[in-house]
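A, B, C and D label the chains in the order they appear, each numbered from 1.
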């Protein structure tokens, strides 16, 4: 067995929150993004931030990271290095499997093998969402962590298979700013994607006035949909979280006060 | 009169709920915040009979986790009404259910869950008993630790038995009815609606598409400010939790009031 | 065998044109309408006009004529009686079978039986459209004419089956004004249907601003679609027909002239 | 470079075509009017290879029936160029194919059809030979005369053989791509486009929905005027056909010019 380039992966709980939220945003497409963090001397990867990616190619099964996306993510990693004071770099990718099993397809395993050629420690994460048991009404989310390994002997054409990598979802005392920022990126990305699709149509000179009116109506409908299904619920969830936190602070301050007065009277 | 009931959940709501459960290694409980929307639609069956179908949607849009150190019910599931009130404060109107997360356990309600469910339902009168919802969650690890599985299920109590409810997660990929003719179940916060309303008023000329872009930009600014507040409050809470925790552990007489919940919380299962 | 209430049906060619055009307007829904004409002493039905009906209930399999639609059609029949100087009345109905066989479903046969109770000569016409043979690339349109008859003996619960009625598509020297008017009704009906669906949503007070914006965008898209797919092609086809006719007139006038001068020189 | 070719037809075009065939009991021929639209779209295949796909659409939007008494080709299918030109006049630019309707016959091109197709294709140079289309139609009666069947098929001549072309009838039920990004194949008449263009210019404020309603109203008025003209021209043509027909049948010397087509048209099949 070749020496493992990666012994295990620690994913911060708030990173998992962001990836899951991205995966739950659509059951019709495989979303994807890049994972940012560092690998320590004992070959343990610590993932502490996320970069959500635009679906460059809307066709369902195409999960492929463009060079621009990789460079942009590297820039964000540098920014984080300064902010967190720890060297941050792109060390993996994730994508969603809506309605299908969590296991990587052979295309996924091949894609992962290609990334590992550039960086042997590169890790692949898949989140399966929207799977439910119609009878028991139970719903399930699964997250798996893998690398690719070539099982065919030297010299023969490579046969890549999945290599399980242990994954720990690491509790975090609080929801980090970078993760919150990634969360709020999603509606922005979706809006930009929709506007770019529309803008592309405005350049088509052969389109009739009716086609142009149609396209503007499609844009409006799509933007309303994103606002209602993504922005709205995000505002609601974050406002409620802020309220919970403020309420919790008040309760803790009271408890601290009562404890301190108690101690002082002893 | 056919009745149809379903739980709807936004992506953020579910992801924050699961986050609460992975945020620490302990079991976790809390309240589900949202609204109950009932909508009557006429039906014309094949045999020409005109009927009415009430569609009840239990829309969960966020949650109120109960800090592990705080509890307002005893080991058997009997609740302490004042404590619950003081915990919920003005939010009690928006509570539509509760959740219980236990690692490596099945999604079958324990005896204590059943009792607690009835007690909590009684303490939240604005929600009719058959709409008050319980969400059970669990998680387990498999495949040599490479794969984490999260299961969750919604139940309600009706005709003296717990029945599972179908669940729908709102997302961009849902098949869209052309015209929206039912109340939106992705309930939006007041601030969200105020932003949109004010923009609509000030927006006379220009296309609808431009209006939606305005709305989106305003919402993004709102979200930017919001995450700053949330980030600060997260740090503030973490610091206070640590500080108060230390105070609690420090030797010296402990007031009964703080001790009691711990004593009563010996687990029944 | 009971005495046939209807020996056979003569449908004017331009009536067939209008029904076919209505059937070809959508492959997703069964369209329907009423047939206007007269039945002569020898129980032969002559169909000479059409009234296209709105789809009161958008669900696919519901083909049912409301009382209002029947009365409105009767009014149109009276108008025609004056225009054509022949007593015109509603004497049948037609509906389309997109992608499926031309034969009436058991619901169709039962509906036909109910209409026959009101008027034993009432005739049912079905047009099957959009059926193609993927291999030979051949496409097919079928039109069938039927009534219902109760095959179960007296006293037992009725068992309705299809009764074939001979159909003749009668050549017409020209495309009649009433048929042209029905043709031009279609976009009007479709527009009204769409606007009514939209107007209904504007009365829903619980709709959010986003939902209202969405609905207006849906309306715009639908109206553009109708204009482009129905109105546009109809204008094109009728303009071409007018041009063909005018050209034909010029050619005939020339021929008449040459024939007359030839005759006069004899 | 994958090439894909398809015939598209509007509902009115097909219904008018079939109407021409039921309008009288005789066989029927004529020209197909429309345009050829070629559109190149990039493709990214699974194996990452970027390719280009040309999509050629033969859009039929109306027809020019050839009056049964008039003919410009002889029995074998050899055409008389001047006669054809004089028949088509300025319309020849819009001809993209021809049709042949025969009752109770199969949709297999007869020998004469094959020759005529090549001759006509050569006479219509603006359409490339492999895009010049032949439409064969037939009709038959079954089930005791209660059911009429109409079959039709589009073919083209390529690599020295006739191949059938897939056909799509534009209708409201077609699955709509969200954004329209290909040239519309439901070609619209000049007058139609002028109406829309003028309304668009004069329409600044107000929503797009209102603009489309304006367009629709203007089109309905246009259609109303149009059907009056069509109705009158229909009656005029019918009268003249009858009158000239009688003149032709009247005893007395017949000019050669009129007789010739009849003699040459003895059917080969």
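The rule is simple: contacts are C-beta pairs under 8 Å (C-beta built on N, C-alpha and C of every residue); 3 or more make two chains touch, one makes a residue touch a chain.
In this text the structure is predicted, and so the values were computed from the model without any measurement.
Participant: Considering C-D alongside B-C, which chain pair is linked by more C-beta pairs in contact?
Facilitator: C-D is joined by more C-beta pairs in contact.
Participant: State, to the nearest whole Å, the distance from the C-alpha centre of subunit B to the C-alpha centre of subunit C.
Facilitator: 54
Participant: With chain centres taken as the means of their Cα atoms, state the distance from subunit C to subunit D in Å.
Facilitator: About 23 Å separates the centre of subunit C from that of subunit D.
Participant: Could you please state the distance in Å, as a whole number, between where the Cα atoms of subunit A are centred and where those of subunit D are centred?
Facilitator: The separation of the two C-alpha centroids amounts to 54 Å.
Participant: Averaging over Cα atoms per chain, report the distance between subunit B and subunit D in Å.
Facilitator: 62
Participant: Could you list which residues of subunit A touch at least two other chains?
Facilitator: Correct list: 208, 210-211, 213-214, 216-218, 220, 224-225, 227-228, 232.
Participant: Which residues of subunit B are in contact with two or more other chains?
Facilitator: Expected reply: 184, 188, 207-208, 212, 215.
Participant: Draw the chains as points, connect those that touch, then say whether the picture is a line, ring, star, complete or other.
Facilitator: complete
Participant: Which residues of subunit B touch subunit A in their complex?
Facilitator: Residues of subunit B touching subunit A: 10-16, 18-19, 22-25, 33, 61-65, 67, 70, 89, 91, 107, 143-154, 164-167, 169-174, 176, 184, 186-189, 191-192, 207-209, 212-213, 215-216, 219-220, 222-224, 226-227, 229-231, 233-238, 240-244, 247-248, 250, 252-253, 255, 258.
Participant: Show which residues of subunit A lie in contact with subunit D when the two form their complex.
Facilitator: Residue list for subunit A touching subunit D: 57, 59, 61-62, 197-198, 200-201, 204, 206-211, 213-218, 222.
Participant: So in the complex, which bits of subunit C are touching subunit D?
Facilitator: Residue positions touching the partner: 8, 13-14, 16-17, 20-21, 24-29, 98, 102, 129-130, 132, 136-146, 164-169, 171-177, 180-181, 183-184, 187-188, 190-191, 195, 216, 219-220, 223-249, 251-253, 255-256, 258-260, 262-263, 266.
Participant: Note which residues of subunit A are touching subunit C in the complex, please.
Facilitator: Against subunit C, subunit A makes touches at 208, 210-211, 213-214, 216-218, 220-221, 224-225, 227-228, 232.
Participant: Residues of subunit D touching subunit B in their complex?
Facilitator: Result: residues 205, 207-208 of subunit D touch subunit B.
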